[in-house]
Amino acid sequence: MIAHLPILQVIVPLIAAPLCLILRRAHLVWLFALFASGIAFLTSILLLQQVMDTGTIVYELGGWEAPWGIEYRIDKLNAFLLLIITMISTVVLMAAKKGIEKEISSEKHTLFYVLYLLSLTGMLGIVATGDAFNVFVFLEISSLSAYALIALGNDRRALWAAYQYLIMGTIGATFILIGIGMMYQMTGTLNMEDLSRRLPEISQTRTVFAAFAFVIVGICLKLALFPLHLWLPNAYSYAPSIVTAFFAATATKVAIYLLIRFTFSVFGLTFSFTTLPLQTLFIVLGLLGIFVASTTAIYQQNVKRLFAYSSIAQIGYMIVGFSISSVTGLTATLLHVFNHALMKSALFLALGAVMYRVGSVDLKHFHGLGRQMPLTMAAIVVGGLSLIGVPLTVGFVSKWYLLLALIEQGWWPVAVLVLLGSLLAIIYVWRIVEAAYFKPPLANTGDIKEAPLQYLIPIWILILANIYFGIDTRLTVSVAQAASQSLFGVGL
Amino acid sequence: MLIAATVAILVAMFLAMIRGIVGPTFYDRILAVNMFGTKTVLFISLIGFVMGRPEFLDIAIVYALLNFISVIGVLHFSGSVEFRHDDHDNSTVEKDS
Amino acid sequence: MDIVIAVVSAIFLLLGGFLCVTGGVGILRFPDFYTRIHATGVTDTLGAGLILIGLMLQVPDVLVLVKLVIILLMTLFINPVATHALAQAALKSGLSPLLQSKNHKGG
Amino acid sequence: MDSLRFCNPKTIKEDNAIELLIDIVLLSFLVCIAFAIVRMKDLFAVIMLAGMYGLLSASFFVTMDAVDVAFTEASVGAGISTLLMLTTISMTGRYENTTRHRPMLALVVVFVTGSLLIYGTLDMPYFGSAQAPIQLHVAPHYINNSMSEIGIPNIVTSALASYRGFDTFGEVVVIFTAGVAVWALLMVNVQRRKNTEIDDANNSTHEQHFIVRFVAKMLIPFILLFALYVQFHGDYGPGGGFQAGVIFAAAIILYSMVFGLNTARRVISQPIVQLLTAAGVLLYGSVGIVSLLSGGNFLDYNVLSADPIAGQHLGILLIELGVGCTVASVMILIYFNFSGRKNDRELEEHKETT
Amino acid sequence: MDAGNDWAAAFFGLYNYWIVVVLMMVGFYIVIAHGNLIKKIIGLTIFQTSVFIYYISMGNVDGGTAPILADNISQYSNPLPHVLILTAIVVGIATTALGLALAIRIKESYGTIEEEIIQGMDNPG
C-alpha cells in the first residue's frame, strides 16, 4: 500500500464523500468525515516523510506512462502543502459539529459534510497532480463545492457572495483553461514535467507569453491578489464560520501553490522572472495589497470581515516573498503559507465560537467578552499577536525570513514597508483587544458562557501549534527550505 | 448535390436565425428555434455524407429528440407566472386574462 | 443502375434543399405567426423527408439506413406534433391571427 | 519565426474549400447570435438564441470531426441547459433592466484581454496544419497504439476512459458536486412537498395537449432505449456514459414536464435518485480500488482480467456505467429540485391569494 | 512566395482563432458589463463554449476524419482535445446549474436579480 500513498491521499476523502451521502445520519457522517480527513492527514505525514527521505515520488494513474497518461508527482513542495491542507481540515472538522449546529439548518448537515470533503478532495487533487489539465478539473471540484458551502450561510448576503465568487472563480478557471490550451497547442503535451522541458525551446513565441499571462491572471483571481480580491471579503464574512476557517487557511494557499508551480516548475525561472517584468509587478501589487487591505481592515465593524481583509494583506506578504525569487524568499513564502494557515484557522474558529455563543461577530458585541469567554478571547489575542509577528509566535518566524530575504537582496525600502505593514496589523488587532478587555459588556446580553469544549479543543490545538512552531522552527524551516531549494535546483 | 443541399440548409438556417433574433413574439422565437433544430438535424446528416463518414447519424437522432423536448419544455414553462409579464412585448399579442 | 440511383438521389436532395429554402423565406417574409408556422410546418417536414430519402439512396451499409429511417420517422412524428402544440398554445394565449381587416380580429 | 510556423502556406484544394466555407459560415452565424444576445433584453429570447448557439457550436464540432463533443454539446448546450435556464426565468422574471454596470470599464477590460489573445494567436500553428506540435507529440500514440493497448475503435473513448481515466473520474465528481450543491441550495421542505394541488393545476394545462401526451408516451420508451444504445455503443461510435446519462435524464424530464412533477416523482422517487448519484461515483471509484488491490495502479484496467485487453474492456464498461449512472441521476436531481422549487413557490402564491 | 500569398495563408490559418477571440470577448463582456444574474450566466456559457471551439479547432487536421478507427483511413483528427473538452463541457454545465440555483435563491431572498439593486440593498446609503 505504501507505493499507493499519493493516490490514497486524494481518493480517501473523494470516496468518503459519496459514502457520507449514503450514511445520511448527520452525526455518523461527521464522525466518518473526521475519520476520512484524519486518514488523509496520516497519509500526508507518511508522504512527507517518504519524500524527504527518497525524493520525488511519481505515481502513474491507470498504469500509463506520463505524457500519455496522468501522473501524480509528489515532491517536497506539494508534500508540504498536502500536509498543511489535511492538518487544517482535520482540526477544523473537529469543531464542525458544534460549528454548524446554529449556522446551518439541520436537514443540510449531511450535505455540508459531503461538500466539505469534496472541497478537500479538490484541493488535494490540485496539489498532488502533475498534469496541467487535471489541475483544472480538480480546481472546479474545489470551487463548485466552495460556492455551495459559502451559500449555506444563513445570511442572504451569503448567497450574493457565493454568486460573485462563482462568477469571478469561473472567469479565473476559464482563463487558466485558455492558458493551458495555448501551452498545449504549442507543445503538444499536458504533463507539467514534459511542458517544462518543451517550453524553453519556444519561450520566445507570442503565444507562450499570452499563455503565461492567462494562467497567471487566472490564478491571481483565485488567489484574491490585490486588485482581484473583490470577491473574498464578502465570501469570508458571510460563509458559515467553519467554512471560513477552512477556506481562509487553505484555499488561497492552494492558489499560491499553483502560482509557484507554474512560474517555477512549468514555465521555468528564467522565463518567468528574467524575460518578463513580473518581479516588479508582483512586488508592487503585494505591497499595495498589504497596505490597502490592512487599512481597510482597520475600519471594519464586522470582525470576520476584518480578518478577511487581513487575509488579503497576508497574501501580499506571500507574494512579496515569492517575487524576490531567491531561495530564502521562497522559504519565507512557504513558511508563511504554513503559519498563516495555522493562525487564520485558529482565529476564524475562535470567531465561530463567539458566533456560537453571542450570535454575532460585530465589534460592538465583543465588549466585555474578555471576562465572559476568557479562553476563546485569549486564543484570539495569541492569534492576533501571531498575525502581527510578535516573537515566540509563528508569525515572527515567517516575517523574519521575509526580512532576511529582502535584506539579502539589498531591498531596504521594501523591507521597511513590510515592517510598516505589520504596524497596521497592530492597530486592527488592538481594536479587538480593546473591545474585549477594556469595554464594559453591553447591557442586555445576558450571561454569555465560555465556548463549548468541541470548539475550545481545536482552537487551542491550533494556538499551541502557533506557539510551538514559533519556538521550535526546525521542522517547518527545514522542509520549506528543502522545498524551495529543490525548486531552484533542478527544476521540477 | 450533397453540397448544394448543404448550402440550401445553411441558407435556411440563416433565415431561421434572423427570425429568432427579430422575434417579435414569444412563439415566433420558439418556431425559429424549432426550425433551426430541424435544419441542424439535416445538416448533421448531410455533413456526414459530405465528409465521407456517414456512420455518425446518432448525433442527428439526439438532435431531433432534444429539439422536441425543448419545444415541449418551452410550452411547459410558458404557463408560469413570471412569463405572463408580456406587457412591453409587442403589438400582436393580446391577453385574454 | 448506379447512375439512375445517383440521379434520383440528386433530384430528391435538390428538391428537399429547395423546399427548405422556401420554408426559410416563408418564416422570414410572412406577416404573422400563423402564416409563418404554416410555411415552416409544411415545408420542413416535406423538405426533411425528401433530403433524408435522397440520403437513403446513397447509404453504404444497413446500419446507416436504419438510422436514417429512424430520423425520418421521428421527423414525421415530432415535427407536426411540435408545430401543432405550438400553434395551439399560441392561440390559447390570445395571439390572434392577422386578418384582412383590423375590425375582424378574433381567435 | 517562419520555422515556428510548422506549416506550408495553405493550398486551397477543392474539397478543402467547401469545408472551409462551411466553417466560415458557421462561425459567422455564431458571431451574429452572440452579438444579438448582447443586445437583447428579453431573457426568453436570449435563452432561445443561446439554444441556437449550442446547436450551432455542436454543428461546428461535427465539421471539425469532434463527433463525441458534438454529441455532448448538443445534449447539454441545446438540451439540458436550455431547460434549466427556462425553469429559472420562469421563477426570476423575463426582462432584464436596461442599466449597464460600468460599461466603459468593461469595454476596456474586454479590449485589453482581447488584444492579448489576438497577440497570442499570431504565433500559433496554422489551423489544420498536420505539422503542428499537437499532431506530433502524445496524440499519435493514441491514434497508433490504442487499438493494440485497449482494443476499441473509438480513440476518444480509449483516451477518456483509460489513458486519462482519472480526468473522467474528476469529471464525474464535478457533476456529483454540482448535484449535491444544487440540492443543498434548493432543498424544499418535505411537508410542503406533499401538497399536490398546484401540480394538478399544472397538469390541467396539459390535459388539453392530448396529442403531445400521446406522442411523448410513445417516445419515452424509445428515448430510454436509445440512451442504452448510446451507453453501450460508445466503444465503437460517438457516445458513452455521459451522453447516455443526459439522454436518459432528458427522457425523465420530458415525462415530468408532460405528466407533472409529482407523477414523475412517484415513478422515480427522489431518495433513490440521490442514492444513485453516489452509486455512480462509488462504482467508478471501486473499479479503481479493485485494480489497486489486484496489484496494479489506481484505474489500471489491465489487471482486472487475465487478458489485458479483456481487462480494459471490462474496466471501460464499468466506469462508463458509473458515469452514466451519476450523470443521469444528477441531471434528474437538479431538474427535480429546480422544478420542485417552482411548484413550491407557486403554491405559496396560491395560498396568499386564497 | 510573395507577400500577398503569405497574408492569405495567415488569414486562413488563423481566422478560426480570431473568431474565437471575438466570441470569447462577447461572452466576457456580457459577464462583466451586464447586471442581470441570468444574463451573466448566459455570458459565461458563451465564454466557455468559445474556449471549447478554440480547443476543438486546434485539434483539426486537413484531410483528417473523426478519431474513430476504421479500415482504409489513415489521417485522423487529434482525439486529445476532444477528450479534454468533453470534460470541460461537463464542468461548464455543472457551473451553470449551480449559478442558476444561486440566482433562484437570490431572487427569493432579495426579490430581484439585478446586480445594482442587490448591491444597493446590501449597502444602503
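Note that the chains take the letters A, B, C, D and E in the order they are written out, and that residue 1 is the start of every chain.
Note that in this section contacts are C-beta pairs under 8 Å (C-beta built on N, C-alpha and C of every residue); 3 or more make two chains touch, one makes a residue touch a chain.
Every value quoted in this text rests on a predicted model; they were computed, and no experiment measured them.
The set of chains touching chain A and also touching chain D is given as E. Among the other chains, the CA centroid farthest from that of chain A is the one of C. Of the two chain pairs examined here, A-E and B-C, it is B-C that is joined by more C-beta pairs in contact.
Per-chain Cα centroids separate chain C from chain D by 28 Å.
Averaged C-alpha coordinates put the centre of chain A at 47 Å from the centre of chain B. If each chain is reduced to the centroid of its CA atoms, chain A and chain C end up 58 Å from each other. Between chain D and chain E, the centres computed from C-alpha atoms are 13 Å apart. The set of chain B residues touching two or more other chains comprises 13-14, 26, 30, 32, 51, 55-56, 58, 61, 65, 67-68, 72, 75. Counting partner chains per residue, chain D shows two or more touched chains at residues 65, 67, 87, 89, 91-93, 117, 121-122, 124-125, 132, 134-135, 138-139, 142, 164, 167, 170-171, 174, 177-178, 181, 185, 209, 212, 219, 237-238.
Within chain E, the positions touching two or more other chains are listed as 24, 28, 37, 58, 65-66, 70, 80-81, 84, 87, 91, 94-95, 98, 102-103, 105. In summary, the structure contains touching chain pairs A-D, A-E, B-C, B-D, B-E, C-D, D-E.
Per the touch definition, chain C reaches chain B in the complex via residues 9-10, 13-14, 16-18, 20-21, 23-25, 27-28, 32-33, 36-37, 40, 44, 47-48, 51-52, 54-55, 58-61, 63-64, 67-68, 70-71, 74-75, 78-79, 81-83, 85-86, 89-90, 93-96, 98, 105.
Interface of chain B with chain C (complex): residues 1-2, 4-5, 7-9, 11-16, 18-19, 25-28, 30-32, 34-35, 38-39, 41-42, 45-46, 49, 54-55, 57-58, 60-61, 64-65, 67-68, 71-72, 75, 78, 92-96. Note for the complex: chain D touches chain B at residues 18-19, 22, 25, 29, 32-33, 36, 42, 44-45, 48-49, 51-52, 55-56, 58-59, 62-63, 65, 67, 70-71, 74-75, 78-79, 82-83, 86-87, 89-95, 202, 205-206, 209, 212, 216, 219, 223, 226, 229-230, 233, 237-239, 243, 247, 250, 253-254, 257-258, 342, 346, 349. Contact residues of chain C toward chain D in the complex are 77-78, 81, 84-85, 88, 92.
Those residues of chain E that touch chain B in the complex are listed here as 65-66, 70.
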